[in-house]
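There are structures below to look over.
Same chain, two partners: chain A is paired with chain B first, then with chain C.
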Partner chain A sequence: MGNKKIKKDQLNTLFNELSKDCSVLVPTRSKGYIGFDLWDENNGDFIGWYKNTTIPLKANFFPKVEDMFRFNKGEGGYEIKEILPEEESQIIFGVRPCDARALKIIGTLFADTYKDPYFLKRRENAILIGLGCNEPCDTCFCASMGASPGESQDVDLLCTDMGDELLFETVSKKGEDLLSNMRGLSDSSDGDSSKAKELREAANNKIQRKIDTSNLKEKMRANFENREYWENVSMKCMSCGICTYVCPTCHCFDIHDENNKKDGLRVRNWDSCKFPLFTRMPMENPRHEKWRRVRQRYHHKFEYYDMNFGVIACTGCGRCIRECPVNVDVTQIITGIQSL
Partner chain B sequence: MENRLKEEAGKLLKEGKVDYIVGYGKGSVKFRTSPLITNKEEELENLVINPFIANNLSRYPIELKARVGIVVKGCDSRSLISLIQDKKVNREDVVILGVPCEGVVDIKKIEKHIGKDIDQIEEIKREGENLTIQANGSNQTLSFKDAIFDKCLGCEYPTPLEYDVLLGTEISPKPDMEKSLMRIKELENMDATDRWSYWREEFSKCIRCYGCKNVCPACFCERCFIDVNIPQWVNTYATWQDNLVFQLIRTLHVAGRCSDCGECERACPVGIPLRSLQRKMVEEVKDLFDYEAGVDKDALPVFTHYEDTDPEEFIK
Partner chain C sequence: MEGDNVYIPHVMKIEKVIQETGNIKTFHFNFKDQSQKDKFTFKSGQFAEYSIFGEGEATFCVSSSPTRMDHLEFSVMKAGKVTAAIHELQEGDEIGFRGPYGNWFPLDLLQGKNLVFVGGGIGLAPLRSLIWNVIDNRDSYGDVIVLYGARSPADLSFKYDLEAWDKGDAIDMYTTVDRGDDAWTGRVGLIPPVLEEIGPSAQDTVAITCGPPIMIKFTLQSLAKLGFTPEQIVTTLEMKMKCGIGKCGRCNIGNIYVCKDGPVFTYAQIQNFLSDEF
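Take a look at the complex of A and B:
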């Protein structure tokens, strides 16, 4: 099936149609930060201002808090009632390529030996409509992380902003099925495709921030004990969890039981290796000093995840650089390691 | 000021009077600075003073446990004085390099005023009472006052209250309380039900990253109550109720120490207007105890001492 396009002023009509069958989420900023929220007529105008969400896409699949199951102590022992996400299908529109890639990266972990039903169920029920970036941010470095701001293989449909129109390109079977059911779109021409290609190349060339990932794993391993380096780069860190919570690939969590005498609820919530209390529950946080905690975060992303899953757990979205209150910059830290 | 700072900082390190210099360096993001903590003379070249020196650096001496030459603005000096009062920092261990400050630029205000985002802004230049902002090739003028943080608008101590070296000339305060406290007044004027739903909404956004507490110089407990899990005072996961309780306890804990530096609100990635709570508490402390945080290093901290003559009408 060929590609399609739609006039931007028809987008609200399209969202309206789509939201009859499932929930449609779009980027919104009404809450004082940017996140994906249910579409309504008043928030369909995001294309003019939207760069990326503050809270990454992962939060829609791996929320900051979620109920896992209820338990109940009866005569014969514990009775467990799993609480799975609702079956409702959803379309998430405006997903940036870095975040779609991040979802795929953590998806590998959530579908590994232990299949995480919460993440996987939500993922199965979601259709991602990507929106390529024509104007990447100053903090973006996706081009160094095996990606490109305007392209994505990790969404179902990919949109490119062509000025007055949006071009829809099919990426997956799920996307193809959806596109064939969408009304109000017209066929696109070869000219549109080549224009989109030009826009993507231009966007790629706009990325200023770069890191060198060649032999990075080895280089990090070799400098694991380089205490001076890590103490130096972590000196200004405030040990908060902002970088980990706005990161689209950070996926550490903690679990808690809400107990009454006989019954209770188990919940899962985000946790951060930057916190002194991290992993305290099973035993102890072996990383008492701040520099060890900072080192852990970068080693996990750039060395351990690569060792375990063959991919670096960073997509260059730049959120950690943007949101860090003291401007700790991952690209400076990695560049520093490469120059050791 | 910048050259004077480099000179003074260089002398301090060379003469061995301090172990570290804590100041501001150029940020890796446009229109931002980043804390520069160094014991190397050659790095002092990177020190900057400009209208983007937002961070309150006064927390660092606690952690460094060394003699520190530290750059402070007026509000930061109050945090540092407060830490000296609470004996978290020894006055003899810090050489205070004071920066008279007319206000720090809030880039979000500029973005809002000119309707463009930070990536589109190429240059911001101070020209007298105005800022010239070049974005997408064209210039726009904005009053400096419209571009600084709300807390700066109401600043009563633009010149540091405690210093060893003052890097510029004293600035006389011109607080515009009405503007600075506008949001707080709006909240005060809401009826209680609306205000409750307002905060409920705001605290639903909280992700419990603890940015607010970790950047706060008044939050210096070695182990925060939030990190105590036996017994667990507040759930560590982010429900709006727990988020609210966490922030309210924090607000009470820093009462009498908060200098309205606004770092909590600036750090919050989801935009919870935390300064409204903290500043309100500053007002309460002033009304009830006639006390201002960090204005006198020899004063006894308001909540850690008592006198026989203390009024106690509220104990019934």
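Take a look at the complex of A and C:
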């Protein structure tokens, strides 16, 4: 099927239309940060002001806090009621290529051996409409991580911002079906396609930051016990965990109970390998020292995940660099390892 | 109720509580739902996530043998929040249980071999599952030695097992304590030297050991002295766990996730780990 385009001032009408059959989520600013939230006409003008969401797309599939089941103690003992995400299809619009890729990367883990129904249910019911970046941030290094700011194979439809218009290109079957049902779009021309191609190339060329991932696993392995290196690079880290919360591939969680023994909830919430309590056992803690936790985070992403799932768990979105209060920079850490 | 959601526990009923030592209790428990019981299988060495609703989950091995499925057992040393709540359990109380998870003792490696079990303290919990398993298939194995030690006579867990193994002829049973008391007439001494004194031959033998890290460390040295190669030594590892199924990200040692790839490893495997974090 051919590509389509729409005038930007028609987007509100399009989202209004789409919202009739399912929920439509777009980048939304609330409580001081940007995340994906339900679209309404008053925040339809997001294209232009957001570069990327503060909170990554993962939060819509693996929320910060989620109820897993309710337990209730009655006459006959405990009753357990599973709490699954609602069966409702969602269209998420404005997904950046790095976040779509991250969702795929953690999706592998959530689907591996023991299926994680919470993540997988939401994923099954979601359609991703990507929006390529024409103006990447100076912290982005996606081009080094097997991606490109303007392109994505991990969405269903990919949009390119062409100025007054948005170009919609089909990536998946799901996307093709959706596009053929969308009203108010017009056919695009070959000229539009070549303009989009130029915009993508230009975006790619704007990426300043680079890391070298060649032989990275081996290089990291060789320096695993280089305590001096890890102590140096972790010196200023405050173990606040922000980098792990804003990371689109960090997926570590905790499970705990709320309320009381009679009636309560089992809940899971994001956790962080940057916290000393993360691995504390009654007798010992293998990552009690900060440098070991910092080393764990980078080895997990750049070595272990690659060994176990064949892909590095970093997409170069640059959030950890932007949000770290003390400017810990993953690209410096990896470049440092490469130069050892 | 259960469906296919791995995080939803089975509700289980506590059938019996045994006070093993001052801070260790063993619990006999059973499925509330008979149809779930009929479907359930596990292997010696596997663990599960046990919950006290309202307090949370904690990780323990199944300490009974899969050859004796009348009920299941687990044994708990009081160590923190959930274990303290578990120690409050009475007969008839209900707990949550999901599993079994992880790998198991490699029965195919053990079959036809002589076996040396070395356990310290609560470390006998996973071993006793295997020991009863071996006893119930006694013809498949050569000579079996069990060496169990604890700090003092009052710290010996599973005394009923120790007695039964000592009486029967299936097993060559040795018990030792670090420090005796007035009533103690048995062996006194740390596990590693006692093991060397017993001096089992490494020929066609596999050693299976479980206990506190310091005991494991010196037991490995003693086994090496006796001629055991790293391939002939099997042990279990402990890391902080939450999910038990390779997702929550905390139990790894290098790229190995103890909950999925372990908890049972040969010493040879452990020597190849990509990490100094254990």
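Note that in this section the second predicted complex is superposed on the first by the 322 of 340 C-alpha atoms of A that agree within 3 Å, B and C clash if a C-alpha of one lies under 4 Å from a C-alpha of the other, contacts with A are read in each partner's own complex, and residues count from 1 in each chain.
FYI, a contact is a pair of C-beta atoms (placed from the backbone, for glycine too) under 8 Å apart; a residue touches a chain by one contact, two chains touch by 3 or more.
Everything quoted here is computed from the prediction, not taken from an experiment.
Student: Taking the superposition as given, does A:Met68 touch the first partner, chain B, the second, chain C, both, or neither?
Tutor: So A:Met68 only meets chain C here.
Student: Which partner does A:Thr54 contact after superposing on A: first (chain B), second (chain C), both, neither?
Tutor: first
Student: Considering only touches as defined above, state whether A:His256 meets chain B (first), chain C (second), both or neither.
Tutor: The answer is both, since A:His256 touches chain B and chain C.
Student: Check whether A:Met307 is in contact with chain B, with chain C, with both or with neither, and answer first, second, both or neither.
Tutor: It touches chain C, and chain B stays clear.
Student: In the superposed arrangement, which partner chain does A:Lys236 touch: chain B (first), chain C (second), both, or neither?
Tutor: First partner only.
Student: Using the superposition on chain A described above, determine whether A:Cys273 touches chain B (first), chain C (second), both, or neither.
Tutor: The second partner, chain C, only.
Student: Considering only the contact definition stated at the top, list the common interface residues of chain A for chain B and chain C.
Tutor: 254, 256, 280-281.
Student: Taking the touch rule as given, give the residues of chain C at its contact with chain A in the complex, in rising order.
Tutor: 1, 3-9, 11, 13, 32, 51-57, 79-80, 83, 94, 96, 212-213, 238-240, 242-243, 245-250, 252-255, 260, 274-278
Student: If we count contacts the way the header does, which residues on chain B are in touch with chain A in the complex?
Tutor: 27-30, 32-37, 55, 59-60, 63, 117-119, 201-202, 205, 207-211, 213-215, 227, 229, 235-239, 263, 266-267, 269-272
Student: For a test of understanding, state which residues of chain A touch chain B in their complex under the given definition.
Tutor: That would be residues 31-33, 49, 51, 54-55, 64-65, 135, 137-139, 235-236, 238-242, 244-246, 254, 256, 267, 269-270, 272, 275-277, 280-281, 290, 321-323, 325-329, 331-332 of chain A.
Student: Show me the residue ranges of chain A that touch chain C in the complex, using the header's touch definition.
Tutor: Interface residues on the chain A side: 68-69, 71, 73, 77-80, 82, 84, 109-110, 112-117, 221, 224-225, 251-257, 259-262, 264, 266, 268, 271, 273, 278-287, 292, 296, 299-300, 303-304, 307-308.
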